[in-house]
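Both of the next two complexes hold chain A, though its partner changes from chain B to chain C.
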Partner chain A sequence: MKVCLVKYPAGNVKSVEIALKRLGITPVLTSDPDTLNKADKLILPGVGHAGELSRFLEAENLAELIRGFKNPVLGICLGMQIMCSASEEGNARGLGIVDGNVLKFKGELKVPQIGWNRIYNLKGPLFKNVTESAYVYYVNSFYLPVVNCTSGFSHYGTEFSAAVERDNFFGVQFHPEKSGPEGYRIITNFLSL
Partner chain B sequence: MGLAKRIIPCLDVIGNTTVKGVNFSGMVPLGSPVEMATLYCRQGADELVFLDIEASVKNTGTIFKVIEEVAGVVDVPFTVGGGISEIGHVEKLMESGADKISLNSAALLRPSLISDIARRFGSQCVVVAVDYMLLNGTPMVMSHGGKKKTDRKLIQWVKEIIDSGAGEILLTAIDRDGTGAGFDIENVSRISGLAGIPVIASGGAGSPVDFLDVFTRGNADAALAAGIFHRNELKISELKEFLKDNNLEIRL
Partner chain C sequence: MELIPAIDLINGKAVRLKKGDFQTARVFHTDPLQFALELEQKGFSRLHMVDLDGAKSGKPVHLELLETIKAKTNLVIDFGGGIRTLTDVRSVISSGADILCLGTSLVSDREFSDSVFAELNLDRILAALDVKNGKVQLKGWTVDSSFSFADMAKLLPLNKCYGVMCTDVSKDGMMEGPSLALYKQILGDFPKINLIASGGVRNQEDLVSLHNLGCKGAILGKSLFGNPLSEKPDFKNFRLWD
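Here is the complex of A and B:
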């Protein structure tokens, strides 16, 4: 199975790479459209800035490629946010796969949200054998409210999408590669789609 | 409903060996960082901190291989500190598998380093470690692994760190380090009330009750300890059961 990690500047993909290797997969890290097009699984990892990522995907002609991708795609953190319609972060235009706008956490909260939070109302194949209300690790200043495609939610000042699913597209706001055994289960579930 | 309180074991490393001292000195070798990291993850550590304690003095740079090995067995966030004084070090550490870096002495010499790294890699990956000691009753910041005095007051430095865009503060009471006398609740509580970012309390963990206190009275977001776990006086899994039984949000 060929798993591609979409490579973009300022995205730290090392931890995702390490997690995949522990599961016996050596991912290809690339932004080359031909290579990405042949992948069995595509992962959009995510640390960085939505505005910059959006511009990068447009400039490298990757936005269209991802939107039209037929095999399973997993967006992690910013990788999930970029699948949405738009983001408040740098007024970024998203890929529009998931209908919803990404907002900044407001109010009396420590931002970024850094730490372990629970996930609820888990739906779909990504959460097979994952415990309802399990803790997962989050690092985010921006969030997607609960929308039609939400397949799990968490609470941080407000309810927000922990995960989304639409057709072959999956997204998680948390970092499954840093979420202990439950996180590894989620990655394994994605790989076996 | 909130984030779980985090339990963070800390590996103080020299070369390829985990060590532990008292009040930051008299280091005793304790074992392999990779084996200890594996064990702690299995016991439910919420994060792992790796401090290359000699680097701020020696600047060896040979530690990357060890860090990469540890990163390979850790399935929770992994923070690395020790001797980081430029962006290039951060790049190399991230490339070796660190999720966050911990700054200390270099930030004291050049506070703009905090914002430089935060801008480049995001606030979430910048932990600023603050080591302090009570001098004439005032908590004062120390640098170079607790060896050098600075003229900075704890509160004043913490405010500066927050304004610079740090993601988290790792607060260590040198007077308590390795003593098992309990965390410095008073100062942890003052800093937690001040900071809009998570505070990791460190120094003095001697019993499960000490952890409970630092979370309930000190309001810490996370507690870091070394010796008590290394010497197997307290298993992380048992500690977390205890805290959960005392109604804290804990990931089991």
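Here is the complex of A and C:
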């Protein structure tokens, strides 16, 4: 199985790479369209800034490639946010795969949310054999509210999308690669789609 | 609140110091990887690695160990000690650190800090401001600055760091309880920072106190082994707090 990690200029994807290697997969880190197009699984890792990422994907003609991708795609953290319609971070235009706008946490909350939080109301193949209300690891200042495509939520001041699913597109706001055994189960579930 | 066990490294071995004094170093585990695996087994998910040789020499030393521990455990690791150049930053990241623990060079070396903030996302930067008798410490706790925590913190772009770790040096390794008054003051001055308290934590009761103050995390050192060290540790839940 060929798993590609989409390479961004500012991205460091070490922890995702390590997690995949521990599961016996050596991912290909690339932004080359031909290579990405041949992938069995595509992962958009969660690093960087939404505005910059959006411009990069458009400039490299990767936005269209991802939108039209037929095999399973997993967006992690920012990788999930970029799948949405738009983001308040740098007024970024998203890929428009998931209908909803990404907002900044407001009020008295400490931002970023960092550390462990529970996930609820888990739906879909990504969460097969994952414990309801399991703890997962978050690092985020921006969030997607609960929308039609939401397949799990968490609570930080407000309810927000922990995960989304639409057709072959999956997104998780948390970092499964840093979320211990439950996180590994989620990655394994994605790889076995 | 996150409970974050610490591994302090000298000569490739895990040690504990008292008040940061190298003369008091006592080896408590000769195999840091084994120790990390045991911590994970107990339910911990975080690790604070302190490269004391790196802190002393001004350049990270124990990167191989970092790489090994990262590859063999699921722990989310912050690594600190001697990271003073962008080259160091990159090598620590590529060795697998999730988070970099950076000291007062973030304030004193403008060129360095600008390049770090330009290169790394905020979730990777933890500022370490350590205090003794109310003064922020420099150069591996060997020199007093004239700055209080608040004075120094105001010079940092706090919105570009995920949080601040504050060790009270006079409490560190002493098993006498954490500096609750200090952390209360800090969180009064900076209510929105993710504050990680370090130094003096003995037991569950101390953790509850830190949690109630609003600390985001607590470092565990000697208390991992109970007090005295032969006793069982006094924590109900190693992993986290609701």
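In this section, the second predicted complex is superposed on the first by the 193 of 193 C-alpha atoms of A that agree within 3 Å, B and C clash if a C-alpha of one lies under 4 Å from a C-alpha of the other, contacts with A are read in each partner's own complex, and residues count from 1 in each chain.
The rule is simple: a contact is a pair of C-beta atoms (placed from the backbone, for glycine too) under 8 Å apart; a residue touches a chain by one contact, two chains touch by 3 or more.
All of these numbers come straight from a predicted model, not from anything done at the bench.
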item	value
Clash-or-fit label for the pair chain B, chain C on chain A	clash
First, second, both or neither for A:G180, with chain B first and chain C second	both
Touching partner for A:I18 - first (chain B), second (chain C), both, neither	both
First, second, both or neither for A:H155, with chain B first and chain C second	first
Which superposed partner A:N61 touches (first chain B, second chain C, both, neither)	neither
Partner chain in contact with A:S192 - chain B first, chain C second, else both or neither	neither
Which superposed partner A:G48 touches (first chain B, second chain C, both, neither)	both
Which of chain B and chain C A:V139 touches, first, second, both or neither	both
Footprint overlap on chain A, where chain B in one structure and chain C in the other make contact	10, 12, 14-15, 18, 21-22, 47-48, 110-112, 114-116, 135, 137, 139, 178, 180-181, 183-184
Touch list for chain A against partner chain C, complex	10, 12, 14-15, 18, 21-22, 47-49, 108-112, 114-116, 135, 137, 139, 141, 178, 180-181, 183-184
Chain C - residues contacting chain A, complex	2, 45, 70-71, 74, 76, 93-94, 96, 98, 119, 121-124, 162-163, 191-194, 216-217, 239-240
Residue ranges of chain B in contact with chain A within the complex	1, 3-4, 6, 41, 44, 46, 71-72, 75-78, 94-97, 99, 120-125, 167-168, 195-198, 221-222, 251
Touching residues on chain A, where the partner in the complex is chain B	10, 12, 14-15, 18-19, 21-22, 47-48, 110-118, 135, 137-139, 155-156, 175, 177-181, 183-184
